[in-house]
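See below for the structure under consideration.
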Amino acid sequence: MRTNAVKAHWAQGKPAINGWLSIGNGFAAEIMAAQGYDSLTVDLQHGVVDYGSAVQMFQAMGASGVMPMARIEQLSPSNVTRALDAGAMGVICPMINSRADAEALVSYSRYAPNGIRSFGPTRAMFSAGPGYCGNAEDELICMAMIETAEAMDNLDAICATPGLDGIYVGPSDLTLALTGRRYRVGFDREEPEMIEAIQTILTAAHRHGIKAGLHTGSAHYACRAVGWGFDFVTAGTDVRLLAEAAGQTVRSVRKAHGA
Amino acid sequence: MRTNAVKAHWAQGKPAINGWLSIGNGFAAEIMAAQGYDSLTVDLQHGVVDYGSAVQMFQAMGASGVMPMARIEQLSPSNVTRALDAGAMGVICPMINSRADAEALVSYSRYAPNGIRSFGPTRAMFSAGPGYCGNAEDELICMAMIETAEAMDNLDAICATPGLDGIYVGPSDLTLALTGRRYRVGFDREEPEMIEAIQTILTAAHRHGIKAGLHTGSAHYACRAVGWGFDFVTAGTDVRLLAEAAGQTVRSVRKAHGA
Amino acid sequence: MRTNAVKAHWAQGKPAINGWLSIGNGFAAEIMAAQGYDSLTVDLQHGVVDYGSAVQMFQAMGASGVMPMARIEQLSPSNVTRALDAGAMGVICPMINSRADAEALVSYSRYAPNGIRSFGPTRAMFSAGPGYCGNAEDELICMAMIETAEAMDNLDAICATPGLDGIYVGPSDLTLALTGRRYRVGFDREEPEMIEAIQTILTAAHRHGIKAGLHTGSAHYACRAVGWGFDFVTAGTDVRLLAEAAGQTVRSVRKAHGA
Amino acid sequence: MRTNAVKAHWAQGKPAINGWLSIGNGFAAEIMAAQGYDSLTVDLQHGVVDYGSAVQMFQAMGASGVMPMARIEQLSPSNVTRALDAGAMGVICPMINSRADAEALVSYSRYAPNGIRSFGPTRAMFSAGPGYCGNAEDELICMAMIETAEAMDNLDAICATPGLDGIYVGPSDLTLALTGRRYRVGFDREEPEMIEAIQTILTAAHRHGIKAGLHTGSAHYACRAVGWGFDFVTAGTDVRLLAEAAGQTVRSVRKAHGA
Amino acid sequence: MRTNAVKAHWAQGKPAINGWLSIGNGFAAEIMAAQGYDSLTVDLQHGVVDYGSAVQMFQAMGASGVMPMARIEQLSPSNVTRALDAGAMGVICPMINSRADAEALVSYSRYAPNGIRSFGPTRAMFSAGPGYCGNAEDELICMAMIETAEAMDNLDAICATPGLDGIYVGPSDLTLALTGRRYRVGFDREEPEMIEAIQTILTAAHRHGIKAGLHTGSAHYACRAVGWGFDFVTAGTDVRLLAEAAGQTVRSVRKAHGA
Amino acid sequence: MRTNAVKAHWAQGKPAINGWLSIGNGFAAEIMAAQGYDSLTVDLQHGVVDYGSAVQMFQAMGASGVMPMARIEQLSPSNVTRALDAGAMGVICPMINSRADAEALVSYSRYAPNGIRSFGPTRAMFSAGPGYCGNAEDELICMAMIETAEAMDNLDAICATPGLDGIYVGPSDLTLALTGRRYRVGFDREEPEMIEAIQTILTAAHRHGIKAGLHTGSAHYACRAVGWGFDFVTAGTDVRLLAEAAGQTVRSVRKAHGA
């Protein structure tokens, strides 16, 4: 079975740089796969992506060395199964609020007797190669999103879940959950209480020997996150990268000529 | 019928800023449509786009005020017809080498008795509204690409073609055509002979009272082109904007941490 | 954020006329969007539509003023989230049988601290514009379908759910649920007991200050529903409109000539 | 090989009623296929349809007895080949202006030595069954559109083309071609000169022993056309049927209540 | 309503031969539909298939007499409803572990008052014809997969569920569940304990008067299964059939010439 | 730029084994790509494939070492350009009948000054890597199909065309062209006159220093072709491989049990 390059990075003590895919298109994924990311996560929860486009995206990034991952719609056996069967080398599951949620997530991603994932890696057998069944547990990544007040309350219990590879922080929801609507919505939090919350999660993860990931909205904040010790930082979403680069281009031409 | 905003710009003596779409996806087009471009051209010649995705892209940019245009595959009646019937407010046709080519292009885009476009603007009747048949000639834009040695030889004859709204310069092919492979391939030419060729085309267009467009690869060169007098400048391709912005993000995170 | 025209209608005491989309195609949606409806609901429960086609349909109706809505597959966080993130300005959820169901539905459609909708309106930020997070609660519509015996038993509890904008009556299922298979299946009920049940729901909704919607199969019955006081009437499904109009055409030509 | 029901109709001296498909969707085609038409023509010239959707439409109408046909983009070998290989039981080719055009069309639809159609009916072998190569000439229909002044001049030469099954009148283009823009654009011509032109074509076809088809915009006009002797009448386009039925529904509800 | 040919086979005491579809493509399904299978099951759980491609596959196999079936993603009302509304004549549900699971499955597939399937067979009304609501219970097939240790413990309770038509054995998961990872993963078990487990399930099904199905990986094992008394055997998956046939072809050419 | 493995094979004096793709689906292509072929040719002429599915197929086979090729619709600049821009490492063009046809084909596949291919390898720059413009002539393959009587007459002139890499024999059309309908249609000709014609083409190609390819319908015939000296043999079409393997499976189960 294919080796998971993100896990290999981690084994060397290096953080992985992840890109985020919300445009449901194979060629857009192929472009992103050529930019040097360690992994690319297809966002099935909030992205304009469905299963069919996710498969095309995984296929299109197959020739590069980038690890294909998926943020699934919500916690459910078939969401986990279908993402992994389609060739994802890891899943990020939103809204993990309790130890029970985390245990369910792990169990959905492992074959019996260690879990209840149903066997049938139809595309993964082609994309990840022989030996899939025996090696899936070692090579696939399973991350739980911490983004609610309830999850904060259960942080240690979640982080201690056997088989969980890491947690992933969703700063937008976490901010809404912890501070209501006092602050602007979005990533790259600057409020001390939010930075503290984010670091609390990071510390908890490391305390339990698992990895910590953070969703960021800029290279600058991704660098800070790496500095804090995050093992997996999302730096760049296709939507935002394209929008900002195009917007800036138009504005600079207009400005020069009042066009 | 819907008024063509690019023509309205021109009527006010202002250049139009055009974006280029090579990712065949409605949402990518919708993102680009929100960035302030005057027009967006779907590239059916070289883009990873086909008729089906072009329609989705036109639909997705419909809510914005941006003018949908198409660069067609090659000169043929059905290529022109299908782009316009799908709602394009203008077509750019590659490889127009002679007066006969230019006349054919114009005739494919106009209804009898002024041309041979077959009537059936199936989607355009919804996207461009009532009065389409009578106003299409005034509102649609028809541009011929000048990008070969033969076209340079026939420049005045092409520019004088009745009904042609403008010419569009393809710097990559023009450079290959005029200088062989002496220089790197691509846009944003800096060689004096190429700048001269580009300006020769611009001058010819204006001499014959039609508009001139240029394909560029950067805001900087687009500004120069406006400065030279170009009426229509392409500043930004979705593929390149996304690739460069993502690549830069990854490089800056890696550089900071050796991640 | 874009204003919800259906709510604006309601604020003026006027009913909204809704169309129903079961053909999963952007152009079919675009045609329907040009016919004067106040809203169009994409049917993800029973329609031949999936997420990918729903997005194209929302994009295709974006240029018109019609409000895009979705009837979701079933009650679940990701079904609500994905429809709204894709740009729906309202969701209709089938099979709401209890107060708990209704509260869950509301909570899935609102951001913390008022609900548990995860933040990430990826397409909606483009289609509904800035200020989405702060205004979503006011502008989005959340309707619960009343179509089972259990729901009838819990009618007042459901209608009193804080944050619920309205209920929507599914006459086919309601008839099966209340009368077994005594009557033909379908809309536009004429049985006194069914009319009474429908009016009971209408009255309950209004008693609790929320809106009432009805699915109908004809302009005639839609008119009756408006006369009864319904605030939201579905008049016309793409499938049925197309089938009936085509069938009638064929029959009238055959009849004239025995063709 | 499957028998062509349209030809069977003709053999019995009966006209065929054809429906027109411009919505590129399998389910819309399936709905139309259930309405009693003898044939359904997928419009690849002006419809919002491409090859991929045409295949789905042919598949979706496969279970009904309706004959799948295609109006192709323009005269070219691959346009004819690909429509027939995909399972069309007939092609209608636009803009046939001369005997040479008509001969080319016939030759593109027949295997050597009677033509130059390349052999490879990949889907047709499944949809039309065994014996395809030997029977294709007898069962497939090849019709030439007469819609230009040039075609009118060459009417007899075109109609006398060996192997041509019939001609098909496009009234919109024919009116533009013969009368300029003196009249409204569209079908169902009432001007005496246009009725005369249409009947001239009909008579020429019959004089040469081939069939005549007419595109109409209403059951009423289709009935007239049958009365005149047309063998193939298009009565009903999906786009127009849906638009009119929906528009009428909305108007009647609005009118009743000022909704 | 269309008669279910699989049930007709069963009524005559004959087993049904089922094919398995994991390539989400209409034409691939059409090819499989021409090979003589009694039914073809679209695999929505593990196949590279989603709802949109399943619809195209059902449409493409509509012209053949083969029964379209679906293995759904997991037990949920909308998974059952959407497969049946799209025209499946039967559903196979994975991971049925208890009597409660089995009862839920049956209830999701039947209309009130016998179940809670919501009415709206949008495509099925076209593909399965009139009388759908009244006859669906008799003609549709509902099968529960037995593939876990828990299901083995509840075997009789599951098989006795009123309305369940049969059970279906998934040998890969069953082997993992009962024997851990002692044996290779996959179909066509040869271990005595697994053969015994499979036959235990078969016997239990027949004891309760329902049908038994088995997933196999070869014609040879399918024959054995029929010999054991299985009523429904899956013999051939598109993925494996294509891979093996192509692989063998390449190997035999390479072998002959060292190409 | 990526090295063309087929050319590398040829440089070592070894024939290339090619597979044929007529099912327009990425996953089907991915399955085929894992079977050991040297190249896989997407059939845009007769396959149930269009540009959009071809791109997905090229992406899906990208991770394997197999060379992606395309048989294009017909000779035209945009057909050649779009296939190559999408990442094809070679094109096979049907119906090359004369030296002029062959020269046109070569010129459409080469950049100025050696041809008239327009520059814009949008996907190829990602799939084939840097240095594309300068190396395309050396790495891309350009093959002309010989399949008509006219081509046989011009065989030497065609084979001597500068820049042509090889010819490809289409036995079905060639048989129809040379012998009318005296023999069954199809591949794997056994008639002495057809074998002679095929060998005449092979000899001509080698005489002019170019490669010769043959389309076959079986491993057996492919072996014979290699034995005769063909450099490129197509052994296996997805459609036929799947159909035959499935048909055989069903027949053997039916035979065993009369199922």
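Letters are used for the chains, namely A, B, C, D, E and F, taken in the order the chains are written, and counting of residues starts over at 1 for each.
By our rule, contacts are C-beta pairs under 8 Å (C-beta built on N, C-alpha and C of every residue); 3 or more make two chains touch, one makes a residue touch a chain.
Fair warning: this is a prediction, and the values are worked out from it, not measured in the lab.
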If a chain touches subunit A and subunit D alike, it appears here: B, C, E, F
Rigid-body rotation angle, subunit F and subunit B, from Cα fit (steps of 5°): 120
Subunit D and subunit E: spacing of chain centres that average the CA atoms, whole Å: 41
Centre-of-Cα separation between subunit E and subunit C, whole angstrom: 34
Chain centre separation (subunit C, subunit D; CA means) in Å: 38
CA centroid of subunit C to CA centroid of subunit F, Å: 52
Residues within subunit B bordering two or more other chains: 24, 27, 31, 34, 48, 50, 52, 55, 123, 239
Chain pairs in mutual contact under the definition given at the outset: A-B, A-C, A-E, A-F, B-C, B-D, B-F, C-D, C-E, D-E, D-F, E-F
Residues on subunit C engaged by subunit A in the complex (per definition of touch): 50-52, 55, 76-78, 81-82, 85-86, 111-113, 116, 118-123, 133-134
Subunit C-facing residues of subunit B, complex: 26-27, 30-31, 34, 55-56, 59-60, 62-63, 123, 126-127
Of subunit B, residues touching subunit F in the complex: 22, 24, 43, 45-48, 50, 52-53, 73-74, 79, 94-95, 147-149, 170, 172-173, 176-177, 180-181, 185, 239
Interface residues, subunit A side, partner subunit B - complex: 14-17, 19, 23-25, 27-28, 31-32, 34-37, 48, 218-219, 222-223, 226-227, 233, 235-236, 238-239, 241-254, 256-259
